[in-house]
Every structure is written in C-alpha cells, then in structure tokens.
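Below is a structure I'd like to ask you about.
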Amino acid sequence: MSNSAILLIHCPDQPGLVAQVTEFVHRNRGNIINLDQHVDRHVGQFFMRIEWDLDNFLIPPDKISDYFETLIGKAYGMEWQLHFTEKRPRMAIFVSKASHCLYDLLQRHGTGEFDCDITAIVSNHRQLEYIAERFDIPFHHIPINRENKTEQEEKTTALLRELNTDFIVLARYMQVLSDAFCRTWSYRVINIHHSFLPAFKGARPYERAFERGVKLIGATSHYVTADLDEGPIIAQSVEPVSHHHTVDDLKRIGKDVEKRVLSQAVYLQLRHLVLPFGNRTIIFN
Amino acid sequence: MSNSAILLIHCPDQPGLVAQVTEFVHRNRGNIINLDQHVDRHVGQFFMRIEWDLDNFLIPPDKISDYFETLIGKAYGMEWQLHFTEKRPRMAIFVSKASHCLYDLLQRHGTGEFDCDITAIVSNHRQLEYIAERFDIPFHHIPINRENKTEQEEKTTALLRELNTDFIVLARYMQVLSDAFCRTWSYRVINIHHSFLPAFKGARPYERAFERGVKLIGATSHYVTADLDEGPIIAQSVEPVSHHHTVDDLKRIGKDVEKRVLSQAVYLQLRHLVLPFGNRTIIFN
Amino acid sequence: MSNSAILLIHCPDQPGLVAQVTEFVHRNRGNIINLDQHVDRHVGQFFMRIEWDLDNFLIPPDKISDYFETLIGKAYGMEWQLHFTEKRPRMAIFVSKASHCLYDLLQRHGTGEFDCDITAIVSNHRQLEYIAERFDIPFHHIPINRENKTEQEEKTTALLRELNTDFIVLARYMQVLSDAFCRTWSYRVINIHHSFLPAFKGARPYERAFERGVKLIGATSHYVTADLDEGPIIAQSVEPVSHHHTVDDLKRIGKDVEKRVLSQAVYLQLRHLVLPFGNRTIIFN
Amino acid sequence: MSNSAILLIHCPDQPGLVAQVTEFVHRNRGNIINLDQHVDRHVGQFFMRIEWDLDNFLIPPDKISDYFETLIGKAYGMEWQLHFTEKRPRMAIFVSKASHCLYDLLQRHGTGEFDCDITAIVSNHRQLEYIAERFDIPFHHIPINRENKTEQEEKTTALLRELNTDFIVLARYMQVLSDAFCRTWSYRVINIHHSFLPAFKGARPYERAFERGVKLIGATSHYVTADLDEGPIIAQSVEPVSHHHTVDDLKRIGKDVEKRVLSQAVYLQLRHLVLPFGNRTIIFN
C-alpha cells in the first residue's frame, strides 16, 4: 500500500476553505482519496479531513507541514494535524481486573483489524498478566494508591514516552487519572464507560440501571478529560434488556456493548477519523 | 373472536403458585391460551399473566373474581387484576401543540391496530382541534394555569369518569400533573418523555443532548407518578445521530422515536401486558 | 430562508474534480453550505453533492446550468443535476387498500417535516379516498386491469405531468408498473417492499418470513426499475421478532418498519440527498 | 450453586398441560425457578421449558426421567429432554482459517461467560493451531478432501464421542458436512452464516451484498441440517452499512456481527434455552 497524507483541520468558518485546501493538494499533484468536511453553524466552525496519495505529490512528506502552515494554515487561523498512513500508530492499553475489553482489543490486533503497534499493557493489578503473555505483549505492573499516584503516573508517562506511545486505551481501567496526567495526554486517552452517558455517570452503572428499571443498557467511549465521564463522546451503543435480567445479566450483556463501543473508538482513532472540538467530536466517514 | 379472561397477578414468591393458578383454570375447563410468569429473586416477588378461553369455563365471568380471591388470591396474599378481552379499553389522549404523537395514535386506532375506544382528546390549547375533527374524536379544550389547575384537573377527571375512561395517554402534553391527579389515575397515565431516561430528565432534552454531543438520542414511555420523569418505564428506544445533526434534526429524528415508543406502550397497555411493581415494569410476552 | 443551489454530480474519477467544483463556487462568491463527495474505486467513479448559498453568487440562477456545463461539466464528462432549495418538490402518492404508509406520509407533510407539495393521491381502489379527503389532497381513482393497463398508465402520466409532479411514491401500491411507465419515470418512483431485500422478493414476504423462522423482519425502500424488487436500494431497516409472533404480528410490526423506511427515502429524495448509480445508491450526508 | 433440573417439552397442544407439569414438580416439593411456555396455534403444538430446584425434590435425579415419562410424558405424547445444571456441557469447535469467531468463543469461555468444557478444536487446516495452544485447548488437525471425507468425518465423530462431546460449533468452518454427519449430530451442530438468511445463501455473501447495494449486512446462527443454510435459525443480527464501505469493510463489520450472533446461539444452547421444531426455533426466556 502506498503512503498517503491525512490532514485534520478546524478553524472559524469562512468562504473558500474547501477550495483553498483542495487546490493546495491538486496543484501539487496530490490525488484526493477521501474528503469530508463539516460546518457547525451553531459555533461557526469549519472541520475537514482530507486524505491524498503521496505518490506523485511534489512536496516531500517532511516539508508538507511547513508548506501547508505557511501557504494556508496561518492565513485562515487553522488548527490542524498531519498524519501519514505508512506510520503505524502506537497504542498502550491500561487494564485492571476485567479481561473482556483487553481480549477484544488483542484479538482485533492479532487478526490485523487494528493496524497498529501495542507498546505496553499497563495495570495496577497482576490478574491479567497471563493474557499479555499469551499475546506476547509487554506487561507492566504499576500499582497505584493515594500516596504514590503522582509518582506512579509520572513513571507511566516516562515509560510510554520511551516507547513512543501515541495514545492510551483504558480497557476498564478502574483508576481515576489525575488532572496532570489528563493534560499531558489530552485527547489521547480513550475510555469506555459502562453506561449510556450522561445516564449513570460514576460508579455502579449496571446496578443503578437495574434499580431504575431501564429497558436498554449502553456503553460510551470517550476522550478522558479532568471531568470524570464528561469528555467528548466518540461512540455509543445500547442493547435491549428486560425484567428477566438480573444485575449479573446486565453486566454480561453490557460487556458485549463495552467491547464493541471501545473497539469502534479505537478503530476510528487509528484511522484518524475523529476530531474533538470542545465537548463534541466530529466523526469523519 | 371468543371472550377470554386475563389475570395479572403478583405476590410474595412461594412454592406452588403456578401449579395452583393453572390448576384453577384447568379444573374449571378453561383452556390456557397464554401463560407467562416471572420471579424476581432480588425482591422475592412472583409475577404472572395467564389468559384462558372462557367458552367452556364453568365459572361465569361475573363470578370469577369472587371465586379466584376466595380459593387462591387470599391464601397467597396476591394482588391481581382481571380483564376480559371482549371489553374494549377506553383511552383518553392529552395533547398540547405538537401533533406527531397524536396523529400516530389516531392512525393506529383508525387502521385497527389499537383495538380500543378513544373517549376524548383533551388539550390546554386549541391548535390540534382540527385533527380531532378530522378523525371524528370529541375534543375538549381545558386551559390550565397556575390558578385554575386544581379546578380544571377535577373537571377533567369528572369528564373522563363520565366517559368511562380506563387510562390516559399524554401525547406530548406539556403540563405537569398535580400529585392529586397522579394518585387518582395511579398507573393509568402513560407519558412519553423525549429522552433516554434517566439521561436528560426535565426540560429541553434535545438541546442538552446536542450540547453533550451524544451519538444516540432516545425516548422513554412510562407511567406517570408524582416524581417527574421517575415513573416505571414501559418502553425505550434510540436512534443514532452524528455531528451533522443540528438541534432541529435531533427533534425531527426524535419525533419518530417518540411516536414508536409511545405507541408501543399503548399497545402493551391495551393487551394487558404490563405489570408495574414499584419503580419497574414486568412486560409479559 | 434564502435560496441555495444543490449540484449532484457523477463522472469517471480523475484528479482535480473537487478542486475544480469548489473553485467554481468560490470564485463566483458562492458560500459552500454542504459538501460531500465519494469515490468508488471498485467502478472508478466520482460522486459529489455540493450546496451553496446563492445570496451573493455572481451567476444568476437561470444561467448556472449553462455556465457549469460549459466551464466544468463537459470537460470532465460529468452527469449532473441542479436543484434550488426554494423550489418545493412536487410528489404524487400511489396507494391501494393499506393505509398505514399513506397516513404516515400525510402526517409528515401536515406537520411540516416533508417540505413539498402533494400533487395527487392515485389509487386503483376507492377504499382510501376518505383519508385523502380528511387531508384535503386530490384523490384520483384510476382502476387498472390487464386490458386497460397501458391506457390507464398513460392517463396517469398525463395527469401527473399536468400537475408538474417531480416524483412518485408507491405507498403499498399493489400493481406492477409496466416497463414503459418505469422508463418514463426512471429514478423517480420510490417503492416500499415489505421485506429485507434481497430476502423474500415478490409476494407474501411476511408469510414466508414466518415459515422460515427468521428472528428479524425488515423493509426496503428502493427506486423502481423494470426488474421487480431489484432497483437501487435507498433505505432498509429491521425489527426483532420471535416465536411468539404470528404472521399477523409480523404484519403489524412490519407496518412500522415500512412506514419508517419509506418516509426516510422520501425525506432523502426531498433534500436531494440520493444519487443512484447502476444498482446502488450514494446517500449523501 | 445448587443443582436444578430443566425440562424441555413439546407435544400436540391439549388442555391441562401446564397444570400437569407444574403439579408434578410442586407435588414432589420442587421449587419452580423458571417457567416459559408457548403454544403455536398454526401447527397446534405446545412447547415448554421448566426449571426447578432439586434441593428438596422427592424424586432422585436419576429417576426423574422414568417417573416423568410414566406419569406424564407418555400420556400426552410428549417429546422431552431433561438436563441438570450441575452437568457442564461439553462443546467442540470446528474452524478453518478465520480466527475471529474462535477467539471470541475462547475469550467468553476464558472469562467464565460460557460455563462449559471445550473438548477439542478441530480444523482442516493448521493456521489456527497457535490460538488453541495459547488457550490450552487440544487441537486436532483433520484435513478433509473429496476422497477422504467420509472416513475423516467418521474419525471426527469417534474422537468427539470419546471426548463426550455434547455439541459442535462451526466457527467459520469452510467445509460442507455430509448428510450422514448432519444426521449423527442432528440439532447438535451450530453454524454461523455470514449473511442475513435467507438473503445471500451460499458462497461470497459480502461480495453479493456489496453488488446488490444493501444498506444493512447481517449474520445468522442456525442448526445445521442436510440442506445448506436452511436449518432452524437461532439468532440473527444486522449492522448498517453505506456506499462508503468496500467489500473489505463489509467483511470487517460483518466479523463483529458474526461473533455476536454465534456467541448468542452458543449461550442459548449452553443454558438449554433453544427448542428446535421443524424449521423454526423456540427461544425461551
């Protein structure tokens, strides 16, 4: 597969944005593979994702950032990211004791559905170490308590940086991350919450769903921010439940929704299809 | 169609309940058409719905209540309701200005999907009177404000009683019912809330869903209790949404979910398939 | 609401298409409101929908076609349609005896969800005439049998043309249209088939779904072509069913899916969001 | 967890069936945990699943079959199966080269969601042997071609019998089983077909779904019979797709549906919740 470039852009809406960007690609002999744009009139913002083939592109890959910023980005006040498809993203996975999301991620990685490197599995417990071993992924036991939290988080960040980690997936990791850690990895930590947010924020969502007598349960994947369960939502899904289901049944059914919704978010992240803006996300085609 | 009897039962769980009830029907030559039972171990309660053909049943319909209570109900501390399928339920509809749920109910009534009588359309506004006229249903304009609420609700109850109304459907009726009215019509008022409860309780759910950036919107039908949006849930459904959708789009998409979820609750109610218990509902097959 | 232009384009894929079209709009002071494009590499085709505000557009609306064809369309071998949002589409509805889809369409029209004119309700039976009267839409009884089919279809086409009808919706119309009629109204007749195509093509889909013991039933809206039930699919949806459901239950549940799926297709058609190509459809955002 | 008995019954519908069976359990001091029954009026058949606690049951487990047949089964012409919850079902898995369903089954087994023993993984290829090793499940390479099919199937049956295998799961096993094998394991082989049956029976369903331009793809789990893809359906599900998706995307999205639908069937089988009758299945609560 040949290398292509992906630009994710947002800026205040103004005339000519699409024309400028597509002209930049076209004039330099880039062939557009995908283009998706969105204007949010509510907030007056423009969002765009454009992917083009680099085979005949006149600007060398390592100069594209400079040229784009100089010729277009600066003039329109754009914030933008540039990615190359030949660069495999590098992902770390944080877990505690529940294995279903971890298994699901590893399986998708193993079958080639997730085209990425897994740099590390990090856990505050040792229970899932055997799974990491089965899949030959380095496992790091980094126990965290109230006293050592800052220190252990800094150690974790140092480790992940050394491993050139691009983003982190919390696969039912049962620790609240500090504000400092959230800032360091801003928009680069994806969490799965086991409810249909904003319903049942916080602890014990299945128990509370049972008590409320809901007829659907859900799960939500989102970027982690300092506000617990309040970050930009990437994906959500639900499953029907009934009076037949006990809390244990809800947990069992919920696991499937969790796996699906977390993996969907990871897939979108790996393909650079998500653009968070404020508390919302643009999900490109 | 021949007449059949439907018993909805609940009581503390104890051995022999199914055997006793089915034996009561069988011994008196009733042919069981449907039977569904549920035991909620969490609260130690037994729930049952049984429907049997009355063609050869030895006990005359007007004596079944007496016999059942004397022979079984009393001994097991049962609470139960008896319905006959030949008796068409009588439903009133409350509306304000939004027409989509009203149209949907009238259409299902008109095509025979809802086997019931509509005793009245009641509204605090006159905007939808023309729809009532189109469908030849009596329309009652009963304006309500802070001062006249008690009086107008009592007038409404008197009217509905005179019309032998069994239950009320709030088809996007934008008034909060008083505690007194809720008690009078306990478990006999079905509301549609335009969100996936318990998310976005209260006012402006679509606006708040938009602001939160959710990826699914929903609707919830439930029995009305004195606690706003806290009554037992009958049905819920959701539809996917994306960053492309404005608040107006959410409202448009939401209307479809509202119609579907409200009509599903009405259908279940008409067939005596719902048994509320505390804050939950048993939905029989 | 101000007037805007919508271009639906397809042509063989080639470099610079997006740049050319957006530049055409931008250079003439059109402000792009929506842009969605798609490249189908399988068939080497490019598809695009672009909508722009006409307020400051330098080319007068009645000249846009000429200019676009001369400056761009011809050079790239494009097939394209131009629509203006201020022109309300004009739709005819064909029915037989089943009322649920008709009611649903009329209700959405009545509440403003469908921004269009309904030119006529045409039927080979008189059963639903009263509904047309309720909603004040002209009803035309045009009975069709084997002998008079050609003549009656020609009469229908003449009538619809006189009424400036843009497209036709078959709302459970139980007649097979002739090849000639299909050609005349090519890609302008939308049908609802009461199964999840290609499963259960042809007659009695619910009976056959019951016999096969499926666990989901569905409906499909599609453009009508000379090949029965083989035209390009616009929308599909399903609902879960179980062994509890009789054929009549499947029909009842199916009606809801049919209404939803047909109305979704009509909505997309009214907003010029569908582009059929061969046997497939592009559904723009 | 204490031991309980599960009876799955079907017979011609006749009065008193529920009363007789519940009375049998009750009189002998069995406490009913679950009861679900269904009457199919279309074919005049009665279906029932009843589960009761054996703690105080007067009839010893190994005598229940005799007693039930003598006292009730024979008199009503019942066909029935008796299961005990303390007996872990024993399942074999057949695979070829695709790993996603295998991983999903092993993961659910590993996390305790599937309460069963896996007796063997059987494959006509060696590609997935490493997964069997990772999960410590015996792997048997049994290559099959036109010449050795009968022989190899007999060898497989002998192996599975020796391992006391109760049922077989075809987790994307790409061999057509012989009629003889299907008869031997009648209603004990569960397959996943990668389409929404009866659409796209046979080979290459995703390619054909793409060509037909469907808007939903699906998967179907069913019991295997001698008629390919025609056996009784256990579960079905779908996912939305669009013109954006290539055949490879359909396959990727489809894998998720396949895993879910196959695992749902296995779960139902393990809990003795499925009763096939002719070409349909009763799925109990």
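Order as written gives the chain letters A, B, C and D; numbering starts at 1 within each chain.
What we mean here is this: a contact is a pair of C-beta atoms (placed from the backbone, for glycine too) under 8 Å apart; a residue touches a chain by one contact, two chains touch by 3 or more.
Protein names from UniProt, one per chain: A, B, C, D = Formyltetrahydrofolate deformylase.
None of the values given here were measured: they were computed from a predicted structure.
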> So which chain is the furthest away from subunit B, centre to centre on CA atoms?
Replying inline: A
>> Between C-D and A-D, which chain pair shares more contacting C-beta pairs?
In response: C-D
> Just curious, how far off is subunit D from subunit A if you go by their C-alpha centres, in Å?
Replying inline: 36
> Could you state the distance in Å from the CA-based centre of subunit C to that of subunit D?
Replying inline: 42
> Which positions in subunit A touch two or more other chains at once?
Replying inline: 244
> In their complex, what parts of subunit C are in touch with subunit A?
Replying inline: 15-19, 22-23, 25-27, 29, 31-37, 39, 240
> So in the complex, which bits of subunit C are touching subunit D?
Replying inline: 38, 40-42, 47, 196-200, 210-216, 218, 232-238, 242-244, 246-247, 279-283
> Which residues of subunit A touch subunit D in their complex?
Replying inline: 99-100, 103-104, 107, 110-111, 113, 134-135, 244, 252, 255-256, 260, 285
